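Look for subunit A in each of the two complexes below; its partner is subunit B in the first and subunit C in the second.
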Partner chain A sequence: MGERKRMLNLRQRTIAMIIVAILFLFGMVISGFLINADKLTVNLDMKNSAPSVSHLFGTDWLGRDMLARTLKGLTLSMGVGLLAAFLSAGIALLLSLLASWNKRIDSMVTWLIDLFLSVPHIVLLILISFAFGGGFKGVVIGLAFTHWPSLTRLLRAEMLQIKSAEYVGVSHRLGKSRRWIALHHLLPHLIPQLFVGFILLFPHAILHESAITFLGFGLSTEQPAIGVILSESMRYLSTGMWWLAFFPGLSLLLMVALFDLLGRNLKKLIDPFHGQKA
Partner chain B sequence: MRYKQLAIFIIRKSIKLATLLIAVSILSFTLISYSPVDPVQSYIGADMTRVSPEQREEIARYWGLNEPKVEQFLNWGKNVLQGDLGTSLLYRSSVTETILERFLASLALMGLAWVLSGLFGFLLGIIAGMKEGTWVDRLIKGYCFTLASTPAFWLGLLFLMLFSVWLGWFPIGLGSPAGVLAEDVSILEKLRHLALPALTLSIVGVANVALHTRQKLIEVLESDYVRFARAKGEHGLSLLWNHGLRNISLPAISVHFASFGELFGGAVLAEQVFSYPGLGQAVVQAGLGGDIPLLLGIVLFSTIFVFAGNLIADLLYKIIDPRIRKGEI
Partner chain C sequence: MNELAYASIEREYNMKQREKFLWIILGLLVFILGACSGTTENESDQETDELILAIGGEPDNGFDPTTGWGRYGSPLFQSTLFTYDKDFNIVNDLATSYSLSDDGLTWTIDLRDDVRFSDEEPLTAEDVKFTFETAKTSGSIIDLNNLEEVKSIDNDTVEFTLKEPESTFIYLLVSTGIVPKHVYDDTYNENPVGSGPYQLVQWDKGQQVIVEENPNYYGEKPNFSKLTFLFLSEDAAFAAAKAGEVDVASVPPAFANEEVEGMELIELESVDNRGIMFPYVAEGEETADGAPIGNDVTADKAIRKAINIGVDRQTLVDGVLEGFGTPAYSVADNMPWWNEDTVIEDNDPEKAKQILEESGWLENESGVREKDGLPAEFTLLYPAGDQIRQSLSITFAELMKPLGIQVKTEGKSWNELENLMYSNPVMMGWGSHDPLEIYNLYSSETRGIGYYNANYYANPVVDDYLKQAIRATSEEEANKYWKKAQWDGETGFSSLGDAPWAWLVNLNHLYFVNANLEIGEQKIQPHGHGWPITDFIEQWHWQ
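Showing the complex of A and B:
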């Protein structure tokens, strides 16, 4: 480690990590898109085969290649995560800007945050996906409505700090409207935090998506989601087909860890004051 | 004077819990009432062909499904206030009883996992904090960050494959052996069934406490009084014992109490993987089977559970920490 430190400084190492993480994630998505459908077709001659050179992750009980299914599943998870994180970040930004308006709205926003944090995530997700009858829509809306509170809390704290800054007070006394201040003083400061928060929402959203799908509330069983693959694999565990669960889960872990790494390094770069502390 | 403060504190918290529960019930009732899942349909289930439309109408009227939503909610709320959460469609018994029975099973699982992960996480956090920057610290930190990205149910599946299928050390699932009367199940058997889900939950729960403790310990070790103690020649375990432990144990305990929500979420997944008959499995079945009274009951119950955890975390700070006690309660 000592030698590497001399070669690259912290900033360079951070940027290198970001690039590596992005490359890996891109690789996952692109290979997920490039997989042609014939890899996923039923091939009963090849069923239940253990991992080998031609099927790195083995095949399932219908002879489908697990590597292809896993990559498709990861792409799907990333899509769901992207949509949900985007919606969550939108809600968080809107609420934290609203909270800057006055004391009453601020306490209402805080109350909302407390309300949504008071029910366990999984239970709330089950409830929301039940309300929407499960499926893609239910998962995305559920994830969007359960992941905003922590980010909102962060943005709100940041916003309160900026609001008490001197230049904002000067701006106010110069007769600028609150909307103008929100758009020109608060928003630009919140954007980096929002961006990092958005990336860091991904790991949570993806993990929760697969968990809720695993429980049977999320994406329908025809879709090759990781949660579906894992819950199907449970039926074959006692036959000793370990590869059905091991590799898809490991790939999911890898993707989530990469997003986490990306988020934390971006934070170091964009928001060095908070990022380098942890 | 102290009693008065305490009374005010209790009243304030009770009001908060009451408003929270009202808000959560309105929210969940609204959500459920928009669900496309037809409760009559899910109640009838497989007997669909044998139930005539008139009988369906009868069931719907008996449950009051034809009344306006607001009235349904008020009726339900009135019953809840009288302690009646309705009847579970799946288990054909009162929701209160079902929840209590299931919760006891979950409590054994969550309690064991909670204590184990707390102790283990605290220990890991201390080791990482004392050895900050060394390879040990890096290892523990890497382990914690990896854990944070690990799907809990996948970990459970791995344990199931490794310990139950491959090594055969533990049973594949359920809370007690199949085909044996509940009275005849020995404590040892129950523990054997509890071991794997508890292990899964404890391993997942370690990361949060460990990282928090590490951070706090590093802060403490950078303080002036530790520098002074070091100048006097204290180091290692005696330094930790005299100056570190008391300062880091309280935050660790309250962080651990405040993590009841995640604990519950983890339990839902672990119980599903190991088919352990706890509250988590019940909420999944209630959601999948359209058992609305049970679902609502568990939502309310889990809210109280999380609230209790946060309340204890709050109280611990106020009662134990002399710096906060001297201020206002």
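Showing the complex of A and C:
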């Protein structure tokens, strides 16, 4: 029965999921950009109002619309996540290609990975972000420098596998340089892994950005980041203004979940062998 | 190998998720348990002679008056030579009388001879001398540079000799608690001994201070033998008040509209003001440390005046302070040295626009004014983390839009502010029981000294009045010059004159107080810090 009702096969369903996730995420970004400054202005007559039809997420203590602030915050988080994930993935790719050079460099890269993984993420993140002066720059650099190790480990393993393949050995014996092999044999095979890894870095980066901003080490209170909104709202919880924390928090969760969904389905699609195992 | 790595990451991820879930459940459990136990504890209304207060104000440097403790009111452990009554008249405390020589240089003070410290030792002129000599060399915020020497003439007479006449000297005698010479050492700030109404029992840093009545106190005995000061966050203090666990709790305006059973909201007026400090000079210079000085936009008097006239202070009070405050027009509203004529008609955008137009600030097509190609825009800074200053800044920026002045707001740490405040407007707060603050903020002598006169404001006429106020030999004469410095009919530092500041609001200090506890009338409260509410602790009683 169940089999017959399924209109789409696994591949089609995967693609559908990807499209839905992308549409949603795009929707968030576009609406974040479309919100004009009017929506964010102070409106003292409307302050502290609970969610209603005109203000779906309620308003804060200065009468600013929480929906608009949340969307702005998500857009910003996405920007930070994009930049950080991109840099992280870049670092991961570079290191894994370097590791293919010789044993010495390989063990050094492995050592670096172990070093970074041995320190709790958030501590390292706070340290680096603080050292670079905090703010947008500090957070992005901090995220980029802390999120590469697990992806690097994956890429390195993949790289070792390809490196031991026969055709690579043939290439080598034909006199191709290491650089040529890295660019023409290794890189193309790493791309799918890299891409999936890149997408799956997003949710981590975004969550960690919000976390350290919430703790006060990240983006400045000026920026409409979700972490800022959440930490501000903590002050108002005891007066019963639950919507200040609830909706932004939920939206953040939703966005992270969407990215996760997107990443997993992409993995299924472009890396079916590993994707199916999950 | 590859899939193994994936699988291990996946597993780690799942475990993390499970762990997270467990934490959430645990958190909820604790919350529910906490909520249950909170309601079962009902407030015991029997008349104890103990009070629990959550009013913040834990001093970083301990309870040593020679390094600033008690400067913002009530040292509690120590007593002072003079004190204020509710109307800011100076009355005797440890002193019985004083006289000032005709040249204004020598202050002779007679002391009570019946005063003993809480350790039974008598308080003598030697202790007074010791206190001021220690304070002078402590290098703290207490400025005793002008003090030439202190002499103890006999057991109960002290003579202060100044280098130059200084009418504000008496306010140092009001705010500096006397420490005992015989026990004073490096750990005094943690083990204060004094002649005040209470003595310290225990100080758990970051948590609480317990004090009990000083049996040797010479003044009117307080009705409570033991006080416990809890150092709680605003949130926790409010929660404690709701749970009936404290008798007095200070709260921010956001909580003040809540109903708390068994507690009454007490609003105390203050000179704890918030206002915008405008750089007064044009750009170009730098301080010795390399911080830029000046701002071309706010250096224009028309801009500052238009802001002062155009801003709607009442809206800020109602909107940001929830009505718990008053519009501020100066740094010292309602103090004896305040010039009442400087209250201006604000919320007059038409007049503000007219001022701008007349001095050449014309609106361009995007609605921002310009003068000779210079747009009327600046960045207003505030200390990040101070929610009231942030809200004031954001709302202020909003109020400036119709005038055609573009204001951006940015939160910064105090460290960053110290570098930026000479070239950017900053949302600051002052408000003291000592008119010397006026001198510090507006005299050209104090330009760029820390947070004092960060504007680099200078007006020779004002300087002259300020000097005369300092040199005056009586309070009345001094107050006359303080007022003239604000506005003498032609010039001054108030918003009628040069307007280097736009004072916006005075915060009311808000306390939830046990409905059965009567704390009586209080004087106008100073800027933050310390425990000014305990100033008249001896009149607190149960109803």
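By definition in this document, the second predicted complex is superposed on the first by the 274 of 278 C-alpha atoms of A that agree within 3 Å, B and C clash if a C-alpha of one lies under 4 Å from a C-alpha of the other, contacts with A are read in each partner's own complex, and residues count from 1 in each chain.
FYI, a contact is a pair of C-beta atoms (placed from the backbone, for glycine too) under 8 Å apart; a residue touches a chain by one contact, two chains touch by 3 or more.
Treat the numbers as computed from the prediction; the structure is a model and nothing was measured.
Applying the stated contact rule after C-alpha superposition, one finds that A:238 touches each of subunit B and subunit C.
Looking at the shared chain after the overlay, A:120 reaches subunit B, while subunit C stays out of its contact range. Of the two partner chains placed around the shared chain by superposition, neither subunit B nor subunit C is touched by A:137. Of the two partner chains placed by superposition, A:11 touches none, neither subunit B nor subunit C.
Looking at the shared chain after the overlay, A:179 reaches neither subunit B nor subunit C. Of the two partner chains, subunit C is the only one touched by A:157; subunit B is not.
Of the two partner chains placed around the shared chain by superposition, subunit B is the only one that A:257 touches, whereas subunit C remains out of contact.
With both complexes placed on chain A, subunit A has more residues touched by B than by the other of subunit B and subunit C.
Residues common to the contacts of subunit A with subunit B and with subunit C across the two structures: 216, 234, 237-238, 278.
Note for the complex: subunit C touches subunit A at residues 1-3, 5-7, 9-10, 234-235, 238-239, 242, 254-255, 258, 315, 318-320, 384-385, 387, 390-391, 394-395, 398, 409-412.
For subunit A in complex with subunit C, the touching residues are 41-42, 44, 47, 61-62, 150, 153-154, 157-158, 160-161, 216, 220-222, 232, 234-239, 274, 277-278.
For subunit B in complex with subunit A, the touching residues are 20, 23-24, 27-28, 31-32, 34-37, 145-146, 148-154, 157-158, 160-161, 165-166, 172, 215, 261-262, 264-265, 268-269, 272-273, 283-284, 287-288, 295, 298-299, 302-303, 306-307.
Residue ranges on subunit A touching subunit B, taken from their complex, read 114-115, 117-123, 126-133, 203, 207, 210-211, 214-217, 230, 233-234, 237-238, 240, 242, 245-246, 249, 252-253, 256-257, 260, 278.
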